[in-house]
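Two complexes are shown next, each including chain A; its partner changes from chain B in the first to chain C in the second.
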Partner chain A sequence: MTEVSIEKLTKSYGNARAVNAISMKIAEGEFISLLGPSGCGKTTTLKMIAGFEDVTEGAIRFDGQDVVNTPAEKRDIGMVFQNYALFPHMTVEQNLAFGLEMRKVPKPQMRERIAKVLDMVQLKGYEARYPRQLSGGQQQRVALARALVIEPKILLLDEPLANLDAKLREEMRVFIRDLQRRVGITTVYVTHDQAEAMTMSDRVVVMFGGRIAQIGSPTDIYERPENHEVAEFVGQVNLVEAKVESVGEGTATVTSPLGNFILPTKISVKPGNMVSLALRPEAIELSMATAGQPAATVLASYYSGALMDYRLKLDNGDELHAQTFPVNRFAEGDRVALHAPAERFWLVGVAQ
Partner chain B sequence: MSPGKTKGIGPYLLIAPAGLLLAIFLVLPYLNIGVMSFRVPGQGTPYGEGFTLVNYARFFADSFYIWQVVNTLWIGFLTTAICLVIGFPVAWQLTRPNMRFRGLAYGLVLSPLLVGIVIRSYGWTILLGNNGLINRTLTNMGLIDAPLPLMYNALGIIIALVHVFLPFMILPIMNGIQGIDPSLEAAARSLGASRATAFRRIVLPLSMPGIQAGCILVFVLSLSAYVTPSLIGGLKVKTMAVTVVDALIDTFQWPFGSALALMLSVTGAIIVVIFGRMTRMKWKVA
Partner chain C sequence: MSRPFLTGYCLLIYAFLLAPILVVVGASFNAGAFLTFPPQGLSFRWYVTFFNNEVFMRAIRTSLWVAFVTMIISGVIGTMAALFHVLHARRSKDVVRIAMLAPLLLPEVLTAISLLFFVYAIGIGTQNMVGMIIGHVLITLPFVFINVSASLESFDPSWDMAARSLGAPKLVRFRRIMLPMIKSGVIGGCLFAFIISFDIFTISFMLKGVGTSTLPIQLFDYLRTNFTPEAAAVSTVSIVLTLTVVIISEKVLGLRIHRF
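And then the complex of A and B:
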């Protein structure tokens, strides 16, 4: 088990900084995801950890040891690539044996370890197959097995599920997560899929433009996003205009079309400021409109089996997106009452 | 015509022009040569009446011809091997993503093909001859007393053949290497392989299809080369192709020349098939 610490890691291409002085600590056995849109520097960061990209500045430490000048093959990492990168001219068994041969593991022990790991990924009996004779999901599991059989210090995964179809992707999420828990290996997972990052990770690192926007547990990231960018990236979000009435110790009292609330605030606001409140669509509950409640008109409703999505219009003209279980259904033109608890709101910024 | 039927003959229609060309310019001539090789040698005419095995008997009875086949194969083999050794690094370098002057380098690779075969061979005689540029320079520098035998021997032929056939080695290998996913090398390194080991265990075996194609091309082209060996080998060293043309055109022995031509084709084909078997890639057909 290895602890990874990254300090002020930077990668420049000419004047452009793909990764800009990022720092993080990854605990032993932790599953951490680097999440962000393409070009945010997540893959470059992973490649620097793996040793495939030179580091412009900063340090990468495995258990305190700086590995920046260690070549990739000496870093003792297991890596799973987006396209699996299985050796097409080798059978499954030869693919798995490759890393063990490099480590000069004796033959009998090699066979034992390969059998064990193949059992783990449920691919016993596939030893003699060539990669092209396997389905995408099977190739994925071979890639995982090949990375794990060498018992590396760290497991790195670069968008490993991107090429699978939706159903298989969900199965593999659970599979990889369970496997990682069982093996207990420190894991860095790169993805642009927020659902993937949320369901699999102990902590998520959200990156934008080469910088870390937020590090936190999936709950932190989703329910307490540090800024609007993070909130938008990890899920849908409504913005509601509100007016600051009074300011307390780290809190502000606001009035909004959805009601009056006392909210914690990290930014400095003054009474009279117009601010934006953010609210997740599923935080809104709907009921038949009664007098004296914040209300809206249903513009459209969308049924997706497990959930109902509503497009709502507030009386001040603003639109809201609400997501509910399809228990009480409302039709276009219905007047509905809106309920949203104060703790589901957060204050994202002052309107200019 | 039903749609199903259209589908049935469609693919054949597409390859029909190529098939027709092959039939007219390859199969028919070969049949002609095959029949001709069993004709009776003529007296004052290219061939006589009836059929006989005498042309093949003459080939196998005279070790001169057998040795000539062996010699031709040997020249073909060496040309192929040298092309491979010189060509692979070039192909490798040309496929590197950070290669500079790629266009220029590509042009240089193709340059031997841009010059007519006679001019090119003549150019080599200017360079390689006893009184040629290389020998004169070396003599003037006092490095040698007598000219080095660079021409009118197998060495000269091989030098000139390597020059012209190098593109036929480099292009297929480049093609092969370009088809290799770069992340495979990264995967090998992540598993603990040095750059050199990753190259030997991953890149090299995966470029085998290109190497195989390049080798077969260069070997076959070397066996059938005529102008270069005849201009550079002169009268002293003759490859089988030169002897075949001698027999057909200079001495007018069509049946015997045909037999010689077929013997060369058949041995060449056998070697290509054996080579193909030896280098068969199980992972490709699997």
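And then the complex of A and C:
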């Protein structure tokens, strides 16, 4: 098991910085995701860890040892590519044997390890198949097996599920996560899909424009996003106008159409400031409107089986998106009361 | 345009292209003493004459040997050039490509005359086959280059990265990953080099050494003074040899050859 530490890692192309002085520590056996829109530098970071991209500045350490000048073929990494990159002229067994041959593993031991890893990815009996004879999901699992059979220090995955259909993608998420837990290998996973990052990772690194916007557990990222950009990237957000009434020690008392709250605040606000409150759609609960409660009118409702989505209009004209279980269902034009607990709000900035 | 019309049109073109060849093949089975068509009686006598003709036999051996050597040299140089062009050339990419294809764009006779001056200038002369082989390599190089480049374009760089991550050094990656995937391009290009070298006239004519006539040269020499069906027999054997190579490459190796 290997601990990875990245210090002020930078990649420049001419004057453009694809990755801009990022630092992070990845613990032994941890599953970490690099999440961000395309062009945010996540793949470049992964390629630098793998050794496929030169590092402009900074350090990458495996267990304290700087590997920046170690070529990819000597870094002892397992890598899974978006298009799997299985060798098309080799059978499954030959694909898996390739890395072991490079390590001069004796034949009997080789056969044993291949059998073991094929069992892990549930592809026993597929040894003699060629990649083109396998489905996308099976190719994906062979690619995973090929990376794992060499028992690398770290496992790197570059959007491995992007080419699979939705149902298979969800199965593979669970599959990869379980496998990673069982093997206990330090893993770096690159994705632009927030649901993938959330369900699989111990920690998520959200990246924008070559910089780290936030590192944290999926819960941190989702429920306590550092800024509005992160909040929007990992899920839907409502913004509600509010007015600061008084300011306390790191907190502010605000009045909003959804009620009055005392919220922790990281930014400096003064009484009288107008601020925006952010709130996830599923944090809002709805009931039949009764007098004296914050209320809204249902503009539209959408049924998606497990959940109901509502578009609501507050009395001040603002729109809100709410997501609830379809227990009590409301129709277009209904008046509904809104309940949202104070801890689900966060303060995102002062309106000018 | 309608399908029957196009089919008919294609058939006409094929007829136009193939008729002379069929005439030659037909004339080679002539029993008479003169090269005429339709043949006067059927016989293999001119084939027997041909296979007993030491001059022609030497020429065919020379042709095969030159074609083989040309193929090997062109194959190696052309493959290396294609590797550089596709994988490493950045700003020089277009220059490399045009330079490699230039022999196709120049009239062969110009290349031949320039080469003649060149081989004497550098002291090789035309006493042996070296000058001629240089010429053949020059003409056949673009075909190897085009075929290997085309197969390299479909080489996915992530295969190479995967092999690197698995611990394979550069040479092993070339031998075990890249070469097998571009094999069809390399073999196709080499076969092309062979066929074209076998067929080259102008270059051979200018650069041939004493007693190193290739089959096309010998045939030309022969036709200047003789007009027997033996010439047709020589041509037919030459066509069959070329066709065999093409058919082997298409059917047995299942290759897709890119000529352009």
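In this section, the second predicted complex is superposed on the first by the 352 of 352 C-alpha atoms of A that agree within 3 Å, B and C clash if a C-alpha of one lies under 4 Å from a C-alpha of the other, contacts with A are read in each partner's own complex, and residues count from 1 in each chain.
Heads up, the rule we're going with is that a residue touches a chain if its C-beta (ideal position, glycine included) is under 8 Å from a C-beta of that chain, and two chains touch if they have at least 3 such contacts.
What you see is a predicted model, and the numbers here were worked out from it, not measured in a lab.
After alignment on the shared chain A, the placement of chain B and chain C results in a clash. Once the two complexes are laid over each other on the shared chain, residue contacts for A:P281 go to neither chain B nor chain C.
Looking at the shared chain after the overlay, A:F87 reaches both chain B and chain C. When the two complexes are overlaid on their common chain A, residue A:F52 makes contact with chain B and with chain C alike. Residue contacts after overlaying the shared chain place A:I77 against chain B and chain C alike. In the overlay built on the shared chain, the residue A:R103 is in contact with chain B and with chain C. By the document's definition of touching, of the two partners only chain B reaches A:Y130; chain C does not. Using the contact criterion defined above for the overlaid structures, shared-chain residue A:G41 touches neither chain B nor chain C, since it reaches no partner. The intersection of chain A residues touching chain B with those touching chain C, taken from the two complexes, comprises 50-52, 71-79, 81-83, 85-89, 98-99, 102-103, 146-147, 150, 156. Residue ranges of chain B in contact with chain A, taken from their complex: 181, 183-184, 186-194, 197, 201-202, 205-206, 281-283, 286. Within the complex formed with chain C, the residues of chain A that make contact are 50-52, 71-79, 81-83, 85-89, 98-99, 102-103, 146-147, 150, 156. Every residue of chain C that touches chain A in the complex is listed here, in rising order: 156, 158-159, 161-169, 172, 176-177, 180-181. Contact residues of chain A toward chain B in the complex are 50-52, 71-79, 81-83, 85-90, 98-99, 102-103, 130, 132-133, 146-147, 150, 156.
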